[in-house]
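Here's the structure, in structure tokens; my notes come after.
Chain naming follows the written order as A, B, C and D, and within any one chain the residues start at number 1.
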Amino acid sequence: MAAPHLLHDHACLIVHGKDRPGIVAAVSALITRHQGNIVAFDQYSDDPTGGDYFQRVVFHRPDLSAALPALEDDLARTLGDGFDLQWTITDQSIPKRMAILASKQDHCLLDLLWRHRRGDLPVSIPMVVSNHTTAAEDVRSFGVPFFHVPSAGADKAAAEAQILQLLKGNVDFVVLARYMQILSADFLEQLGVPVINIHHSFLPAFVGAEPYRKAKERGVKLIGATSHYVTDDLDEGPIIEQDTVRVTHADTSAELARRGADVERQVLSRAVLWHAQDRVIRHGNHTIVF
Amino acid sequence: MAAPHLLHDHACLIVHGKDRPGIVAAVSALITRHQGNIVAFDQYSDDPTGGDYFQRVVFHRPDLSAALPALEDDLARTLGDGFDLQWTITDQSIPKRMAILASKQDHCLLDLLWRHRRGDLPVSIPMVVSNHTTAAEDVRSFGVPFFHVPSAGADKAAAEAQILQLLKGNVDFVVLARYMQILSADFLEQLGVPVINIHHSFLPAFVGAEPYRKAKERGVKLIGATSHYVTDDLDEGPIIEQDTVRVTHADTSAELARRGADVERQVLSRAVLWHAQDRVIRHGNHTIVF
Amino acid sequence: MAAPHLLHDHACLIVHGKDRPGIVAAVSALITRHQGNIVAFDQYSDDPTGGDYFQRVVFHRPDLSAALPALEDDLARTLGDGFDLQWTITDQSIPKRMAILASKQDHCLLDLLWRHRRGDLPVSIPMVVSNHTTAAEDVRSFGVPFFHVPSAGADKAAAEAQILQLLKGNVDFVVLARYMQILSADFLEQLGVPVINIHHSFLPAFVGAEPYRKAKERGVKLIGATSHYVTDDLDEGPIIEQDTVRVTHADTSAELARRGADVERQVLSRAVLWHAQDRVIRHGNHTIVF
Amino acid sequence: MAAPHLLHDHACLIVHGKDRPGIVAAVSALITRHQGNIVAFDQYSDDPTGGDYFQRVVFHRPDLSAALPALEDDLARTLGDGFDLQWTITDQSIPKRMAILASKQDHCLLDLLWRHRRGDLPVSIPMVVSNHTTAAEDVRSFGVPFFHVPSAGADKAAAEAQILQLLKGNVDFVVLARYMQILSADFLEQLGVPVINIHHSFLPAFVGAEPYRKAKERGVKLIGATSHYVTDDLDEGPIIEQDTVRVTHADTSAELARRGADVERQVLSRAVLWHAQDRVIRHGNHTIVF
């Protein structure tokens, strides 16, 4: 896995669609004829005869921004018309804009802010929005704007409208860092960018609220965390990353939560890094992670 | 964790009941006045004020078998009458008799036979019972009797009666090594000894049949295995041990099953070892594993 | 493992010395006759016949501070005189005073400060000392005093004397959170309290400097971190905790360092927690971790 | 990772050499013009500007054996002459012939034989050679020839000559499944095929003999196993796979060995599978594992 720094004059091309012979040859020839040099290449086909095909290519091309329009024309012609494939190309020198939504618990929020400050996340963070004010000072000490949007009880729509106004047009993706409000389908649709959540259990083992209490009651010997894209279907979106940690009968619910918090931070930070590096392709209710 | 070999002149005392001050002092004084020397001592209380208390003590006592009757009298008086605690004491030089029930898949079955032959499981294996004949020759090559009891389709009761006749009085516990028949509540009651199962998923994530197919469909990034005591309530018995292993989008269902088989063997063998060493205490739907 | 919060009216008794019959009985009887109720009990003997014996008992005793003098007298008589055992007893309501020494890299330092603020470490932090000023503002934002003691090049003794003056009498243990100066044997002796280090490799695989470069060169498939007590013998002190994480040929040295930083934080925080809870007993070049 | 079964009409092409622009395009165009359809593609470059380049491509080509001569001509022309790259192409329907050398301990040996019988290893096993006779009956029960070549004490050369006579020309690679004799440089050179070893520690932590005793003495909290290619330089060959498992102060040396045996089996079987699938490329003292 490459270093997370921004890469000048590097493009990331994502291709997916029905598998057919000749895709690798067509894509690599296209990159070569535009003076690109491939530095990373991953592909996956769930069935070489008529299945779905996924490809991620990172290539170096001096003076990339000048070359992009011609590249995009060629991609549209070669992949769109010739192979009926979908594609996106991104300039790896431009950080994705990541907003964070949080509530009272700050372990995931602060972990992301610290990793960003240390240069470990290739994103910019235009804002943090919270329904509590507790983290305001901490967030601002990182030089990141903090906005407080209280959850309006019954009138959830008003709070969502306010958040939408802040986010709309300003962000490329949103991270729910233990944000304890459920977002409506309407909000997600209007927002129109990917939303990544961290769920404090190994999904689908303990969906819904209070997974640590349920884990304690069921007497499991491992607890976990799951990062996934948010869809209308609560806790059912495509999983990006998961991990577990060993626990024993002697761990209290509070201790499970403490250990769980460590796993949550690790799992969420990996999911965010991989999304920021265009490593994650959504396909139905799954992800391909290159 | 101690070595799995049989220990001559060693006793294992399990104590449980309501927590009260003075239990440790009473138990250790009792062992001392019977010339025992404590070599391992574990305890757990889920709430020191009025919760449930669990204790496992292993002690060395020269000429143990001669001393046991007096010890048991004293335990009955001191713990039963004095503290209202339940207790069991076992001679660690006597191997538990373990029967294995299996079906077509042999990876868990052979793993247990092989560990036993290497001296890694302090049990005897009086028999293997299977509803298929495929493993007969392998099992007998270990010097272990093999009995074939076909699953009788609709008349499950007849097959269970036949198995019961084989097991009854001859075994101290039973291991279901990927045995693909569901045992009736009546069978379990008549059998009257603990039954340990290996389920090929991280419970409660994918209860029921075909967990690998479900894991593939859900796109999880880890798969697991769970060993638990069998109760009337399918897949809901007290969990003894669990573990997980990392998988990716590129793993086929067959590959998930292959990786899963490795985890199943590990998890089941640990659960069997701990049960054989009297390390597992059942309490409601949980286990305490010392 | 118990919750990390401070426990009022709870004492932790550590006992070690030559194993002999009757120790458990003597200790538990002593606690009972002082109205203590045992809530956690661990013991380990490396050989029940003449080996070394280690015990950790946590007990609840209402009005503990008033009872301590009589308890200590009894312990001296019963264990010291009667059994020739060494013992220490600590009041679990009093947080240990932990100083942190750091250099430029702040991931371990900030992780400890943050866990402390969340109430996950039962310690107080009277000061952070660094040979760089970079972390001053961050540290002070946690309300923790920060002192800058530059490394004086050749005249190391002067810097050490200055640090000693700050620490002496003010701290119960010291954590080296990626502190990049080697402490002299003389300093350690004069300091007279335990010092915990985090080494950025799985010891003893890559002792000394630049373990990530060496790991890359050797082509290992896992990298690790080790937390240990500091002794005169560099990188050879008793190991408290270790962990590893999977890497691949594609990870650059920088990426190894990034992944390693996550393991370092986890390993150091666990070692510090266990030390603060009196769970770690040093014995020769080993540790017993209860 | 693909399923381990043999793949008819599939070829695996390995390419390596100095990185230059256009390699992916050239290789994929070549495969396309020979009617091949790429089903798996991996590449790695340790430095896109003048570093070393490694590629593994699996492609489907109906009637592969008929097409291979023309393919090889084209590869020699295009890659050898045009790019100065080295390449090998293998027919994935032909199992590699794997000999196993073993001594008294049989856990790794039997694990490989069982996995092979279950269809989990795409190899044939023409023979097992051992310097002990203990495993003879077990090995033959798998239908695999067993040859006993006693270690001749001082006259090691005689034993090696005898083993060479058995292996020479009959095998594609050799696995040392806890074979306790050191093979001479001369033997390795004359043998001329890859030799894979399993070392019972996390290398380079405890090189040489008795790693479990050393691990116990050093008080490590994890033990491991390492599978590597054998070179003249004992324990220093390129590492293929490693793993670790958690242990505690209470584990005896015997218990460490028992836990270690489980890790050894896992690590060796993964290394063997990946080698058999042409996933491992040696480069200096490292491996690239696709």
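Everything below uses one rule, namely that contacts are C-beta pairs under 8 Å (C-beta built on N, C-alpha and C of every residue); 3 or more make two chains touch, one makes a residue touch a chain.
Remember, predicted model here, so these are calculated numbers, not experimental data.
Engineer: Hopping along touching chains only, can you work out the least number of steps from chain A to chain D?
Structural biologist: 1
Engineer: In terms of C-beta pairs in contact, which of C-D and B-C ranks higher?
Structural biologist: C-D
Engineer: Could you work out which chain's C-alpha centre is the most distant one from the centre of chain D?
Structural biologist: With centres defined by C-alpha atoms, farthest from chain D sits C.
Engineer: Report, in whole Å, the distance between the mean C-alpha point of chain A and the mean C-alpha point of chain B.
Structural biologist: Those two chain centres are 42 Å apart.
Engineer: Centroid from C-alpha atoms only, then distance chain B to chain C, rounded to Å. What do you get?
Structural biologist: 37
Engineer: Centre to centre, by mean C-alpha position, how many angstrom separate chain C and chain D?
Structural biologist: Comparing mean C-alpha positions, chain D is 42 Å from chain C.
Engineer: Which chain C residues reach two or more other chains?
Structural biologist: Residues 248, 250 of chain C touch two or more partner chains.
Engineer: What residues on chain B touch chain C, complex-wise?
Structural biologist: Chain B reaches chain C through residues 21-25, 28-29, 31-32, 35-43, 45, 48, 60.
Engineer: Under the touch definition given earlier, write down the residues of chain C that touch chain A in their complex.
Structural biologist: By the definition above, chain C touches chain A via 1-4, 107, 110, 114, 118, 120, 141, 248, 250-252, 254-255, 258, 262, 266.
Engineer: Within their complex, state which residues of chain D touch chain C.
Structural biologist: 44, 202-206, 217-222, 224, 238-244, 248-250, 285-289
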